[in-house]
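Both complexes below contain chain A, partnered by chain B and then by chain C.
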Partner chain A sequence: MADILDVTQSLIQIVTTICIVVISISIVMLLYRTIKGPTNPDRAVSLDSIGVNLMGIAGLLAILLVTTKFNDVILLIGILLFIGTVALAKFLEKGVIIERDMD
Partner chain B sequence: MLTSVLLPFIAALFIPLISKWKEKVHTGIFVTLIPLAVFIYFIQFIGAGFEPVTREYSWIPSMNMNILFHLDGLSLLFLLLISGIGTLVAFYSIYYLHTSEQLGQFYVFFLLFMGSMLGVVLSDNVYVLYTFWEFTSLSSFLLIGFWNHRERSRYGALKSMLITVFGGLSLLGGLIFMQVITGTASIQGMIEQQELILNHEYFPMILTFLLLGAFTKSAQFPFHIWLPDAMEAPTPVSAYLHSATMVKAGLFLIARFSPMLTGSEWFFLFVSGFGIITLCWGSYMAVRQTDLKAILAFSTISQLGMIMAMLGFGTDMAIFAAVFHILNHATFKGSLFMVAGIVDHETGTRDIRNLGGLMTFLPITATLAVIASFSMAGVPLPFLNGFYSKELFFDASIHFNEGAQGAVAIMQSILPYLAVIGSIFTFVYSMYFFFGTFRGESNMDKLPKKPHEAPIGMLVAPAVLVLGVIVIGLFPELINQPFISHAADSIKAGDIDKSISFWHGIKLPLIMSLAVLAFGTILALSRPKWQGVYRILPGKLSLNSFYDGTVKRTETYSTAITNGYMNGSLARYVRLIIGAIIIVTFSIMAITGSFTISNEDLSALTAPEIFIALTMVIAAVGTIITNNRIAAILILGVVGYGLAILFVLYRAPDLALTQLIIETVTVALFLLAFYHMPQLEKKTETKRKKSLNLTIAIGFGALMSMIGISAHSSKAFDSISDYFLKTSHSLGGGDNVVNVILVDMRGLDTVLEITVLGIAAFAIYGLVRLRRHKDEEG
Partner chain C sequence: MTRTNDIILRTTTSLIAFILIGFSVYLFFSGHNNPGGGFIGGLMTAAAIILMNMAYGSEAMAKVLPVNFRFVVALGLAIAVLTGVGSFVFGQPFLSQTYAYFQLPILGKTELATALLFDLGVYLTVIGVTMTIILTIADDRG
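Moving on, here comes the complex of A and B:
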């Protein structure tokens, strides 16, 4: 029984590390897109994707560190990414984020 | 004694009230009573059995700084001069100043000056002395600039202020030195420790500072230039401040400290040297002047130089002659200024080229003038006091102790010749003053007014002074025994031969006097023929142009320097600030050798940390090199999110949460603001500037890294975080230690941070609203 638990634990660790590495690689590629990105919408989308990857990393790190304290962080990243991307999109579309009252 | 010094100050408070009735009663009448009262009080001290009196009044006892008054013969001489001539000048000013003038201001300044001058001569505490000293500078500044609508008055006031305050500050330096060395602030106490000061390594500085203070105040060469320009003051002021009292403050200072300083031969060289130069230069320049008051101003300079030289001699006879001449000079110079004021008042001009032949119109004034100016010239007549002091001066200049070496010996051998030369010119300008004004052809058409004799009241004050000239001249022993001898005693204790006799017999000093008379007459008669010499000697080498140039250059250079680095570019200021921080901190680290590296306390690096750090580095560099503004802010966002993940890695969930929100809001704010900004352009900075920026940035980064490493490597104490971890639940009632610290253990910080946010919010609201209101109005 104890052996199985040990094996499971090391398995989880190995898998998590592999996942972190893979996500990291994707973040680097996205970073390349953000810096290079021919247009600003490219950058916006890549930043959004970086955020999603960060959520993943945060989750994986929580597993690695064996804690539940980062669940808030993951949720918050989700909300902020949404808000941020909407704001960016609106900015790129209309040039302003908050429109003034037209009356 | 304190009352007598404070009386003028207190009276000055009430002058503005009294001056409201100036149309009915001239304010000067009240003012005259004050110096008179002081004079009557102090004259009681005169007597053969005079002994010094010391009084102490508490001022700042905790700093051992008390108002310490020391009344000895020297102080008494000055006190009587100040109060006596003050009375006469105040009386004279009643007739001189019309009630349409701003009498209130005039008499307030006047009384301020008198009170502070009394304080200067009575003070025994050096700091009290300095306080009163600066008061005299200030009130003199106000009095010179009394007619402040005139450009020349303002110029003269500024000039005298700059020079005398410069000297005053040096004096303060010297006084502080002496106080530190001797441990006492009392002058008498310092004199007792003479040896200590004379042998101290700071003695040259003390001497320099004291002499600077005395020379500037007493208008010695080359600081004499303020005195002729101070003649823009009303004539009573010139008579009082710039002949009898304030300009003698420097002499007083030298006399006061000479018991201490005479031990040094530098004292003799400097004081006598500058004094004799001043004597010659002042009398030489006086002949050139055309304005009556300017002649008198240069004459004052030269007479002060003569007294200064005698104080420097330091022999018994010289000291006695010096105090005697202080008294004599005050009498005849005060009356001459008043005569000049009368001439100005009655004819409307002071230009000696337009004056002449006034004797028939102003007979009384002319009589006063002839006695005073002959006394000034030292004409050998037995009823003139100037003759005695001049002869004593000659006598002193040839009687030195033998056996001096080097520079002192050279100085002693040339002194008599210089003294005679100076006196010849003194004779010339005195004759020029009198004969140019009162004799010769009268040219009425050039005078603005038809001249007539002055009112009696105006003549009283100069008449009293001229009476003093004659009384001292006829009965020198009358003044000598009870009065002058005490003054000389307090400068140089010992047996001073203090008798003055009418007839010495035919000796060298008398021959010198006769030579002065003979050469002076020749030069005075042939004056127009050699006037051209002035175009050669002062020529363009004027000290005034040097002063003006210095003032102007100081302004231009300081403007240039200020404009040189304050060009309004914020980038430059940041460069300067950061550069200064780098240089200072690096040098301090290098000097103290505080850069340490220790790796015993390091934790192992993990792959995620390295990866995130690399990402952030790449993003940060990307921010710098990008030219697209939105790209810049988005890449910056990557740095922020990377930081949040770092917080996660280091197990700081609260920080990570906050960092994420703040990062997002910041990005949004940047986007908000960017809409209103012009497109980011490629910076067109020169290569030099770019590399400079790069150097500074790299330097600062390196500095911060070094500090971080050092700080981590040198932990002096254990951290207190264990306490928080232990007591978070028991004391704060929470398991989130960060939050317990924020609101419980260190709640005050949080309150203030909240305040900061509130202020920022209000400020933004204010800025936005204010802008809009302006738009609406515009």
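Moving on, here comes the complex of A and C:
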């Protein structure tokens, strides 16, 4: 029984490490799009995707470190990402983020 | 400029603002034993108000939420100082904190600490400062 437990534990660690490496490669490729991106909307979308990948890395890190304290952080990244992307989209679309009077 | 139709943003904002404020209240109350506390809770509440400002415009939000956030800063600082001064009443040094267990109707046996009142001061101050900065910057076009 202890054998199976050990195998499962090492399996989880190996799989989590592989996933972190793959997400890191994805973030590097998105960073290339952020730096190179011809237009500003390209950069906005790639920054949004980097944030989603960051949420994934935080979740995988919570598995690797065997803690539940990161769950607040994951929700926090998602909320800040949404607000940041909305602000960026409003700036690109209208030039102002907080309008004074919207009809 | 043509009128833009942002009904999707407004509908999702009215949903997400509730989740944001609920999450901020959770962070505020869980700060004693878990990650969280007055600072991050106040920042989340300010984020919810900023999101509503972005979706509905600052004029409409001034009608919905008629609060001068400079007074919120003063109120938060006053609460924080008064919790410190309040320990003089019991003959203790400045900013002494204590806690006790109470039998509440729904929650059962609960630990209530006076540090929560100090955290409330931090919470209000953070909301006031953040909203003052953002709204002051946003209003520069007259």
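The rule is short, and it goes like this: the second predicted complex is superposed on the first by the 101 of 103 C-alpha atoms of A that agree within 3 Å, B and C clash if a C-alpha of one lies under 4 Å from a C-alpha of the other, contacts with A are read in each partner's own complex, and residues count from 1 in each chain.
In this section, contacts are C-beta pairs under 8 Å (C-beta built on N, C-alpha and C of every residue); 3 or more make two chains touch, one makes a residue touch a chain.
Everything quoted here is computed from the prediction, not taken from an experiment.
With chain A as the common reference, chain B sits beside chain C without any clash.
By the document's definition of touching, of the two partners only chain B reaches A:31; chain C does not.
Contact comparison for chain A: of chain B and chain C, B touches the greater number of residues.
Rounded in steps of 10, the angle chain B-chain A-chain C defined by Cα centres in the superposition reads 60°. Of the two partner chains, neither chain B nor chain C is touched by A:22.
Contacts of A:86 after superposition: chain C is touched, whereas chain B is not reached. Contacts of A:100 after superposition on the shared chain: chain C is touched, whereas chain B is not.
In the superposition on chain A, A:14 contacts neither chain B nor chain C. In the superposition on chain A, A:43 makes contact with chain B only, not with chain C. With chain A fitted onto itself, chain B and chain C come no nearer than 5 Å, counting C-alpha atoms only.
Residue overlap on chain A between its contacts with chain B in one complex and with chain C in the other: 69, 72-73, 76, 80, 83, 87, 96-98. Of all residues in chain A, those touching chain B in their complex are 17, 20-21, 24, 27-28, 31, 34-35, 37, 40, 43-44, 47, 50-51, 54, 57-58, 61, 65, 67, 69-70, 72-73, 76-77, 80, 83-84, 87-88, 91-92, 95-98.
For chain A in complex with chain C, the residues that touch the partner chain are 69, 72-73, 75-76, 79-80, 82-83, 86-87, 90, 93-94, 96-103. Per the touch definition, chain C reaches chain A in the complex via residues 1, 3-4, 9, 16, 20, 23, 27, 34-36, 40, 44, 47, 50-51, 53-54, 56-60, 134-135, 138-139, 141. Within the complex, the chain B residues that touch chain A are 607-608, 611, 615, 618-619, 622, 626, 628, 630-631, 634-635, 637-638, 641, 644-645, 648-649, 651, 653, 656-657, 660-661, 664, 667-668, 671-672, 675.
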